[in-house]
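For reference, chains read A, B and C in written order, and residue numbers begin at 1 within each chain.
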Amino acid sequence: MTKSNPGNFFEDFRPGQTIAHATPRTLTEADAALNIALTGSRYALYSADSFAQNCGLPGAPIDPLLVFHTVFGKTVPDISLNAVANLGYAEGRFLAPVYPGDTLNAVSEVLGVKQNSNGKTGVVTVRTDGFNQDGLPVLTYVRWVMVNKRDETATVEFAPPQTPSPFVPPVQLVLPMGINFSNYDFTLAGSPHTFEDYEVGEKIDHVDGMTVEEAEHQIATRLYQNTAKVHFDAFGQHNSRFGKRLIYGGVAISIARALSFNGLANAQIMLGINGGRHVNPLFAGDTLYAWSEVIAKEDLGDVGALRLRLVALKNQPSSSFYYKTEIGEYCEPVVLDFDYWAAIPKRNGTRALP
Amino acid sequence: MTKSNPGNFFEDFRPGQTIAHATPRTLTEADAALNIALTGSRYALYSADSFAQNCGLPGAPIDPLLVFHTVFGKTVPDISLNAVANLGYAEGRFLAPVYPGDTLNAVSEVLGVKQNSNGKTGVVTVRTDGFNQDGLPVLTYVRWVMVNKRDETATVEFAPPQTPSPFVPPVQLVLPMGINFSNYDFTLAGSPHTFEDYEVGEKIDHVDGMTVEEAEHQIATRLYQNTAKVHFDAFGQHNSRFGKRLIYGGVAISIARALSFNGLANAQIMLGINGGRHVNPLFAGDTLYAWSEVIAKEDLGDVGALRLRLVALKNQPSSSFYYKTEIGEYCEPVVLDFDYWAAIPKRNGTRALP
Amino acid sequence: MTKSNPGNFFEDFRPGQTIAHATPRTLTEADAALNIALTGSRYALYSADSFAQNCGLPGAPIDPLLVFHTVFGKTVPDISLNAVANLGYAEGRFLAPVYPGDTLNAVSEVLGVKQNSNGKTGVVTVRTDGFNQDGLPVLTYVRWVMVNKRDETATVEFAPPQTPSPFVPPVQLVLPMGINFSNYDFTLAGSPHTFEDYEVGEKIDHVDGMTVEEAEHQIATRLYQNTAKVHFDAFGQHNSRFGKRLIYGGVAISIARALSFNGLANAQIMLGINGGRHVNPLFAGDTLYAWSEVIAKEDLGDVGALRLRLVALKNQPSSSFYYKTEIGEYCEPVVLDFDYWAAIPKRNGTRALP
């Protein structure tokens, strides 16, 4: 029997099945620094202990997207080693902040399976939960992925999942314990704009561009201990559809979110992931640009929440606001369509603005 | 109104104006490790807690140049987002060591503005101060930069700055609190040469070469949270003067300083920056070499200080000692002309050399 | 006299000579994170404090290979600055775990010298010992290297070293203090296979491939403060034998070992290095694959030890199991032949497997 992991194939997944994933990982200040070095993120709450303490936290938490990538990475050997495509995310919620020194592990439950009509592949839908060293949940999300069958003749139960919610209801969003923006420093945060300043339908051009190199996405993706071979094996990819390495979609999410600082500096805390799709592949040498649209606003009491569509484009400045064609198809430069909730200070309830 | 930052243009700067910069940053052991990984620095005081403790410090401080780049990076969105060229530095002093866990922020004061005769640009001179989480100054320096006007017809007050000092007077240099070389270990430091061994006028070939890759300078520059788009946006740079990304000048400073270990291993502590000019652009794929000249020596009592000219060359071995032509122009391979003070142990006052 | 280090030449080495190397280095959580980011390692004991604590340790130790590269890097300026080739390792033993915050230094003793018949070079054999800040040995190994003579006419004593042991006797292996696999979590570790499951002669295909970029091996090698110029100076290498930068052999070892997780996830703790040879050069752009063979098994009581041959191939999938030709020469794709001992849990003495 081979001792290396062949991964699960479509017919190996059964609704209700629970899979505990390998390689718990202690995230540290080093992961936080590498996250800044690899994405260019500048959100003050995740850059400075003093800023976080001024907001009622014990210190700077780990960037929620780094938590997401770490948890996601653990699932790859069990869920998507034989995947054809990563189709999307939904129902994502960050349930507790993760601090340097915390150790994460991950468990997935299969929510549904649906064979494709070609008989060769099927869609697996899982809910993945991330836990810290105390067993407390820090993240939950649903993901669906197209997976190859090992044996095309295998018959598979028809057990499609429930349709995921189109977005996370604001009432389900969880703010980091202790967060308090009453003493928020807008100058150090880098923008005067509060919850009140954003309007539904408003589009924001994040202006800057970021070119991604092979070494950068490989270093990031290994940091997440995500081992999907399409990201790393240039020799093996020569004969693939694209002929080269594909960049892990999470790299595009994190860089686009980092770019969005320029216009959304105070929308610091990602609370939920309503949906996410990797629309077109990203390759080394491509330059990412990003723009955002305010989809909804929700007053959470002491803070506000913005529901934001974050769109990443490749080799096409964001001032174009490219998105979909008239017939509803994604424009070619669009690589990412990401829908999330972020907490942002309100003007009242914070100290006077300059 | 756009919510993304358009940056300041030349006519936005007024002498006496004070600008508090965004994104405080906690520097940690991770930044120290990344600094080693990205520059190759080997100065013992910044590599080992035990060595630093043996020199009277609580542990290894953060490399002063990493402090400089971090503070400098914060100023970019306010000072040089619309810059044409970074013209130089002067009057730089490191006022207190920064240790892992310290959080830095930065404030700049406009010292002067001087429009260029073309009416399209002007030179802005600022003094920038970096502070730690206790509000104590850790770094101060003057910088001048050529900035575009938003509106060529705008009239701007003629308010040139005072000419900066040609060098920092030794009496203004500040040694790290507690530093004591009486137990200095020359073997672990990597060189037997003390203050007494260096002569004014002496030139040192640092021998080794270091090729810089796109991924490396991008990772370093993001670590400093420096967002100047010329360093990152390959797509946008296609139509620029050089047609490609420019490497942040601070990367050249740090690599040249790391190379200078080979010949200056005991000149460990950068105390002041007398002046610095980025003479020619550096691009990915270029190989850096460096040589130094001892410009002056100053006996600070228990320790000595060397005033050093650090010259970085690209694609030209440092044994050439290339610098300026007969008519005083920089030779083409010169990318950096950097003038600084460094503390170095004296022979008397340290334990016997082997 | 030049103040830069010319390195030692063959005639500078004398049997019995002891060399204390420069630049002590404090390894931290950042080095551990960078090790993961640069190699893709997923061994649970080195990824998660909680997993390590569950195995009786105070927290996750530093990966033994990172300890090896750090100690090795210190020796380069004294031993191999003028080396023609790094010929091999033997008699390597990890004597105590290294934890974040520990500071390493290194001392070498010359075991023997043997001039080559061409009169231009010779083989120097050294034993290198790595110590922590308390002076406790953490690593010892023997290495031999071919070094240029400064002066071809210099006469050198004929003083060849004793032949190193072909492998480290199991009785000399040292387990990390406190290690205890009685509560070992095979799910989190990523594999159900114990000591008992592996058979002598068994070959394991590690399946995955990893392409190495210039930026990656340079960042790794600088992290180890290894300054050998062949790894960094593209300009200087234009006229070398290969015309380009060579990747430090340690990078190949660490990546191959990281790949071997897929099939050897529980063989977590490298205890000894029986031998190692860099058989063919590795260059940026090459894709590494790896396979292992179980050479021997040793019951150490509460745990087992596997003696493993780790073979790394370039641009040749590991399912080929390429090794040597019929006449005993290494096949061209082989870049590394590495022979080591690793500790692995036994089935009895651990909690019930799922």
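The rule we apply is simple: a contact is a pair of C-beta atoms (placed from the backbone, for glycine too) under 8 Å apart; a residue touches a chain by one contact, two chains touch by 3 or more.
Please read these numbers as outputs of a predicted model, since none were measured by experiment.
Enquirer: Touching subunit A and subunit B alike: which chains?
Expert: C
Enquirer: Mind checking subunit B against subunit C and telling me if their interface is mostly the same residue numbers on each side, over half, or mostly different?
Expert: different
Enquirer: What's the distance between the Cα centroids of subunit B and subunit C, rounded to whole Å?
Expert: 36
Enquirer: Please list all residues of subunit B that touch 2 or more other chains.
Expert: 28-31, 33-34, 213-216, 219
Enquirer: Using the touch definition from the top, list the residues of subunit C that touch subunit A in their complex.
Expert: 28-34, 36-40, 42, 44, 47-51, 60, 187-191, 193, 197-198, 204-211, 213-216, 219, 262-265, 285, 287, 315, 317
Enquirer: Any idea which subunit C residues touch subunit B in the complex?
Expert: The contact residues of subunit C facing subunit B are 2-5, 20, 22-26, 28-31, 33-34, 77, 101, 103, 105, 133, 213-216, 218-220, 222-223, 225, 227, 229, 232-236, 245.
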